[in-house]
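Take this structure first; my questions come after.
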Amino acid sequence: MFSLPALLYLSALLFSVGTYGVLARRNILVVLMSLELMLNAVNIALVSFGRVHALTAFAGEHGGQIFTLMVLAVAAAEAAIGLSLLLVIWRRWNTIDLRQLCRLNG
Amino acid sequence: MELTISGAEIVAILPAGILVVTGLVQLFADLGRSAEDKHSEKTHLAMIGVTGFLLAFAALFVQGSEASAGELYAGAMTDDLFGRMGAGVVIMTGLFSTLMAGSYLASRGSNSAEFTALISFGAGSMALLCQATNLISIFVAIETLSLAVYVMAGYFKDERAASEGAFKYFVLGAFSSGFLLLGMAFIYGATGGSVSLTDIAASDGQQDTLFSVGTLLVLIGFAFKVGAVPFHSWVPDVYQGAPVVAVGWMAVAVKASSLFCLCRFLLFTGGGNDLAQLLAAISVVTMLLGNLAALNQQSLKRMMAYSGIAHTGYLLIPLVIALSGDGPSAAASIPFYMFAYAATTLAAFGVLAAISVGSDRDQIHDLDGLAKNRPLLALGFTVALLSLAGIPLTAGFIGKLLILSDAIQHGFLLLALVGIIASLISVYFYLRPVVSMWFREPKSSFELVSASWGITFTVAVCGFATICIGLFPDWLIDLSKRSVEAILG
Amino acid sequence: MIPELPSFNLPVLTLVTLTPAIGALLLSLVDRNNKALLRQGSLMISCLTLLFSLLMVANFDNSVGTMQLEESHSWIESLGINYHLGVDGISILLVLLTCFSMPLVFLSTWKAIDDRVKEFHIALLLLQTGMIGAFVSLDLILFYLFYEAMLIPMYLIIGIWGGRERVYAALKFFIYTMVGSLMMFLAILYLYQHAGTFDLPLLLERLRTTHLLDANQQFWLFSAFTLSFAIKVPLFPFHTWLPDAHVQAPTAGSVVLAGVLLKMGTYGLLRFSIPLFHDAAFNLQPLMCWLAVIGIIFGACMALVQNDIKKLIAYSSVSHLGFVVLACFIPNVETITGAILQMVNHGLSTGMLFLMIGIIYERRHTRELADYGGLAKVIPLFTIFFLIAVLSSIGLPGLNGFIGEFLILYGVFKVFPLWGVLASTGVVLGALYMLNMVKKFLFGPLVHAENRNVADLSPREILYLLPFVVMMVWIGLYPAPLINMVKPTLSLYVEMLKS
Amino acid sequence: MDINLLWIPLLPFLGFLINGMLGNRFGNKFVNAIACGLPILSFAISYAAWSRLISEGTELHWNGFPWIWIEGLVEIPFALHLDGIAAVMCMVITGVGSLIHLYSIGYMKGDPGYHRYFAYLNLFTTFMLILVLGDNLLLMFIGWEGVGLCSYLLIGFWYEEDANCAAGKKAFIMNRVGDFAFLLGIFLCLAHFGSLDMSTLTDATAISALSAETLSVPLLGSVSVISMIVLLLFIGATGKSAQIPLYVWLPDAMAGPTPVSALIHAATMVTSGVYLCCRLMPLFEAAPAILAIIAGIGACTALLAALIAFGQNDIKKVLAYSTVSQLGYMFFAIGVGAFSAAFFHVVTHAFFKALLFLGSGSVIHAMHHEQDMRKMGGLRKQLPFTHLTFLIGTLAIAGVPPLAGFFSKDEILFAGYQQGFLMGVDSAALFWGISFLTAGMTAFYMIRCVALTFWGESRVDSSLEGKVHEPGGWIGFALFMLAVASIVGGFLNVPEFLGGHATLGHFTGLHGSAASHGAAASFSPEDLHAAEWKSMFLSLAVAGSGLLLAYYCYGKGHALRTRFTGSGVGRWLGRLSHRKFYVDEFYATVFVRPFETISHLLFILIDRILIDGILVSGSALLTRGLGNWFRKMQTGFIPGYLLTFGCGVLLLIYMMLSLIQQGGAQ
Amino acid sequence: MSPGIEQLFFGIAAVVATVSSLLVVTRRNPIYSAMFLIVMFAAVSVIFMLLDATFLGFMQLLVYAGAIMVLYLFVIMLINPREGDLPEESGVTEKSFAAGVALLIFSLLSFAISHSNEVERLSSLGPIPLIPEVSASHGTIRAFGLELFQKHLLVFELTSVLVLVGIIGAVHLASRGRKDRTTASSEAREGMVNPDV
């Protein structure tokens, strides 16, 4: 049960849940969280792969983990930018509704 | 265990390093001044930028002692001609964008220090992306440049359009990053824990389903970056909302670096016929949709956005050819086309910047009578549009010639035909600004703000380059061919 | 006939081709308000070009049928594109025609164009380079380059200095032409992939000696090339851009368009479509001939019902060039000689007609036939010149138009009497619509008071019309020098097609 | 002295150039001198050439230069040749032409287009001479079309009136229809003879070599090449020489100045069709079937035109139809093989018809451009000289001996009689009958014309009272000269049975009749002479009765006429004749209007709607519609974009997996 | 730990992660979502530790739960959206559509995982804790750090640029601009006055 496929399925599941959150929610905050969710889901896959390949991996023993660490950094920076954009929008237009951002079209 | 950095590694990182340092210098040079003089052109920033970019460009010509061979930083990057060409496109674009940014931003009352710094940082990461050879560095570089571009797109934080565009870009970008990352994870898993492209190419996991899906997901991530259908939705909105200079910058640099990287990635991983077929489908839809949707646009920036999408479609053709295994050398048209596209697009966005200085005019009819008021700008824009349309004597023509010629040579007649039909459609909308500029009388109330020297210089140089590449493309074609041969070894 | 000049070792063709372009560059340095200098300068440049073209004729050997005065330099090596120029009997007359008419066109615009004079002259000069270049280039890509390069100046000329519907007409012209030329572009690339060269003589050699293309490929390539040229000619049913373009273009534009640009289509058929893919051409001969014949008759019928003089002449071009297309697809020495002469003649007569309509338009600002009538009394000199042009156009024996039509019709009749007979009706119909037009335009009662004070031709106008008349009579009575120039080439050409 | 033939056409051409370019600068005197002097000079040269021909028997030739010359394929030189026929024609053209030039000095006095008129006239002379002298068919064609052009210009000389221009246009286009056939004939000649030189085309061996060749023609089946050539050339001739079905332009052509009608539409141009036939006599004789058709058409044209002439009130229209009728005679003569007679009639007709036209011109001039005979009458008193000359012309055309028309017409009728009765060709007999009848009718309508104009009571408009004077000067001179020619002209070719030598026939070398060179041997000269006498008396009788009948109808009392026109049939016939048998209307409804309507329809349906509307604009609209559709898909909603993205991913992964499955399955 | 216990822990962590992630995306109030996200991060960190990535597990907790989520909470507090400010959520159709897409993505990914030969090969070796056996130092800070600086130095350096860009961007965007003081005019020009303001 605690095997690679299970971990991968879990990862895929969490990824899909994240996708659902992004697709279905209107609240920008929740959408941003769902995006974090997606990245985290991938992290599980990365770490599990890293674990099973640990001894033979070309990328080194900790390749997957290091990759994950980078993803953490990326996620943090992304969250910073995302949240500041959110702030900009909130300050000027007082909304956190994704659908209100629709003036540019065509 | 100790840390060793070889000379070749230093040489390889030199352009990117110089660019990052340039960004830092720009930031420091502006410390404490940003508050009061938002309307100043801040020539010193442009000067620093120009110096930095020129230095970086010069660094491209510094040959590492161990030539381009070998993997540097444990396979994280390489230093071959292909990467250098990519870096070259990025650096030149950065140079001109920096030149244009000062006056444009000043006219909008925006501080340009962060903007120019973001260009420099972005250029650094793009240069690295062009040279990156492992999944982690690719991912981080692509995220770095994306973040820089998100911020630049929403740089006018008081304008709804800019913020909206930037946010759309951000959400969709992060969404696509998820898929990109998932794809990388799959590849990592399927190839026995490889992140370096050479390891991936060497591993025997290439036949695995997971690997195929992973490659596809990575492709999707890149497809988003270059604006291929159906991952193109952000392009028009972001282009319309973002500051013109930022649009020019991302239209060229983001697309160029992503394509260079994608090209390298696909050449290494192979991907096989299945992927080629999918890519061909994407290419066809992209060419058609891009050109068709551009037909009735009133906003120039939006039109250029769809035109950019369409050009992505053309640019995917060489990848299809390369992927299908027939002729990896077909990818040689990508570096060439990117150079041509860069010159052309920068000239076009220079003119757009010129007309929107001090206001946010970007409608086609805002160009009315430009040929009478500013013949040089009008000429530059015309050359750019003709080049985009692929009319002979321009760089765009040679680019199309290369791509279509390869497509025909390798039997992709359908792609070539769609390409031709698409460019036929494109002729119509590329001519609309020409009609406005040359055939219509200027509106009486419309007075052009005098274009700054940076913008004029950009338009002139890029327009001239467009023609020059169109007339004497030999050296560039040669270089492109050699660069692709270099990655293939 | 032509005095023996010492043979210079000059790149004559390059000189002829690039002089206008270099002139355009020089003109771009002139102050835009110095209109006189711009006008005189461009006239001088075109005269210089004419001089070079005469030099070309002097160096041209009438007894040789192959390419002459060739210049070949590698240009884009990596793509196999060469800068390869040369003339033979097929192209030399067309080059001459271009060089001959441009100075006259420039003269004609001195009063007509007063807005953006600089751009206008630069555009015309670039156009000239494009036209000459297309006639003399022997590399497919080079040809395509010039072929397309003509498009932009012409587009600007129609769009900037044209009439009320100029934008529509210019766009229509551009897009119509692009449809064809892009298909041709594709075909050129395809051909390159199969034959390995863009060089025309080499290509012909390879295609003849080895069967590189199967029937299907030939069919598609031929169709692509021919579509492009058929639009340019324009062949029925691809002609609807022409009336609009003509009507909206300024006089100079119409003259160049009718005088030279349309010939690009028939020249292309003659130079590329047919020799390169002659099996396909042979298979499609009935279709093309029917289209040409329909074009002849249909164009004449259309011309008959037009109320706009320029439109009428535009449709007459459809009819007249139908003869040339017919000749191209029934190739023998007579028809092709006739076709080349007809191209020249059509350039002269239609060019002159457009010039003259431009003259009257300058004075009255209308092209509606209904607004005229009875002008012969007011402007007798104009009437005479106009009549000469009309008579040349309807192929009166003794004037130039007859020679070409006679040779074409005879050559066609000899081989395919039916098409010959049908095409010959065009001669009758030509008289019908032209004389109708003359009657409504110049004769009859002078009903409109505005026409009472129209000025007759000025000396300058006579100066640029007279060469046309001289050429018309000369070619009409003594075409032998021209025929001698083209004959050797055509003998070889027809032989090649037959083999 | 060497005679260069080029001078003959070149002189009038110089006149054209000088008058055309400088005429308005210098006065009318200058124009007169140039315009009349150069043709007279040309006449002198022609005369010299003619006399050289008579004295030395050498035909003159001018080699010229290569014209349409593709070595070995099409070799057509620009060369002139003068033989007997051409010499006579040149004399007639330059002679009569010069007289008419002189006449015009008086007639056109004060016209604003004076110099233009003379320039045209000179140009016409040039082209006519080229037509006559041209050594090959194509060169002849230059003249052929050139005279058509001048005819067009001169008919529409007073272009301010729409009708005149319309008439000119009609003439040109009708001629073009004929020329179309002519051109096809030329093609056939060139294709089969390999040359257009007259010497080749009349070469007996070349003709006999071709006689077996046939063509398959739609509708006609297999036709021999020669017949086809002859037929086509003849159709060309019907255009120029106003024969059925292309004759309708000639009466309209009377819109031009009267001297023009005399020169072009009576004396010279319209006879060029006959000239063509004579020139190519051996060729025509080789196609007997076509000759029969020619005879038929000639006879029918003669009859039809005569019938129409009955009902015309315009003096020039009567003369015009009489010209058509006389031309019909000439073709009838050709049809029965009497080339010499036809040519003879060309010459005499040139004299008397020019005389008649100039006479009518004199009347019209005197009447201040009144042409309606109903408004004339009794002009004999005011215009005695004109009356006299006009009467001479009338009697000449009616065939009263010993005037010119008598001899030529008699020869024609005899040729028909001979072929019809002596040789027993039924069709020829029928056509002879028609011609015979027409001879009477000719006399009748000409006397009617004279009577209405000159005799009886004056119906002249009161405003013209006392203003009608005999024109003097050049007009009188020309009338006088032509009257003399009309009287003595017949003696050029007095037949042998009347003690003559058939001089003209021998000089031109034309055959007098089909019998004279073929079956002639079978008749004894006595039989022939007897038949000739018989035929002569018959034609005298019919002409005489025509004269008398007309005299009683119009000259002396009107009882007969009123009886006839009073009856229903008479009125109906009169109306039919007056409206020219509705032929113009017929052409208009059957050819002209449908063609215009169809053109309009084609323009709207095919050009505007189908090609430009549906195909061109349609595809543009379709493209833009698609573009708009794609634009609308870009809604601006982020969830929508995300969904597009997601679906794209789904689709691609799905496609990828299924491709992999397929690959695995294989 | 024995394999059985690891299995158990994994099971619990997986369930917690799944449930809390579902709650994240379904809670209307973002504060709840954020809370459940923290729970989910914690569960993932447990999984990391179970996979011998001890250091990474801690990092996950520190960075995600500690830094990123704090950022989120700060922003939520800053905005402090009242119930009325919360956007109206999408309807059932849209939700089910989104769910459908998500489900399809899940099934396609699962299909790919289940059809992967590599995964099959790896899983056939046995459950994770046993195979392959790794050294005790695996996942420790030292081993991790050494590898990071030897093999992935460039990326690490690049991350500094990434963070720098993030900082500059955040500073530029979040700082109050000049137009805060002259909002009305620019709003009027854009014609975008929000009725709520």
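A few remarks follow.
Think of it as A, B, C, D and E in the order they're written, each chain with its own count starting at 1.
Simple rule for what comes next: a contact is a pair of C-beta atoms (placed from the backbone, for glycine too) under 8 Å apart; a residue touches a chain by one contact, two chains touch by 3 or more.
This one's a predicted model, so the numbers in the text were calculated from it and none came from an experiment.
Shared contact partners of subunit A and subunit B comprise D, E.
Listed by label, the chains touching subunit A and subunit C alike are B, D. Each chain's centre was taken as the mean of its CA atoms, and the one lying most distant from subunit D is E. The most central chain, judged by the distance from its Cα centroid to the centroid of all protein Cα atoms shown, is C.
Highest inter-chain contact count (C-beta pairs) belongs to A-E. Farthest from subunit C, judged by the mean position of CA atoms in each chain, is E. Centroids of subunit C and subunit E (each the mean of its C-alpha atoms) stand 70 Å apart. Remark: subunit A and subunit D have CA centroids separated by 97 Å (rounded to whole angstrom).
Measuring from the averaged C-alpha position of subunit B to that of subunit C gives a distance of 43 Å. If you average the CA atoms of subunit D and of subunit E, the two centres end up 102 Å from each other.
Looking at subunit A, residues 8, 15, 18-19, 22-23, 26, 32, 48, 50, 52, 54, 56, 59, 63, 66, 70, 73-74, 77-78, 81, 85-86, 88, 92-93, 98-99, 101-106 sit in touch with two or more other chains. For subunit E, residues that reach two or more other chains under the stated contact definition are 90, 94, 97-98, 101-102, 105, 109, 112-113, 115, 119, 151-152, 155, 159, 162, 165-166, 169, 173, 192.
Looking at subunit C, one finds that residues 175 touch two or more other chains.
By the contact rule set out at the top, the touching chain pairs are A-B, A-D, A-E, B-C, B-D, B-E, C-D, D-E.
Those residues of subunit E whose C-beta lies close enough to touch subunit B in the complex are 109, 112-113, 115-119, 146, 149-155, 158-159, 161-162, 164-166, 168-169, 171-173, 177-179, 186, 190, 192.
Those residues of subunit D lying in contact with subunit C across their complex are 20, 65-71, 73-74, 78, 116, 138, 141-142, 144-146, 149, 152, 156, 159-162, 165-166, 169, 172-173, 176-177, 179-180, 183-184, 186-187, 190-191, 215, 218, 595-596, 598-600, 602-603, 606-607, 611-612, 615-616, 620. Contact residues of subunit A toward subunit B in the complex are 8, 11, 15, 18-19, 22, 28, 31-32, 35, 38-39, 41-42, 45-46, 48-50, 52-54, 56-59, 63-64, 66-67, 70-71, 73-74, 77-78, 81-82, 85-86, 88-89, 92-93, 98, 101-106. Subunit C contributes residues 75-79, 116, 119, 141, 144-145, 148-149, 151-152, 155-156, 159-160, 166-167, 170-171, 174-175, 178-179, 182-183, 185-186, 189-190, 192-193 to its touches with subunit B in the complex.
Of all the residues in subunit A, the ones that touch subunit D in their complex are 19, 22-23, 26, 98-99, 101-106.
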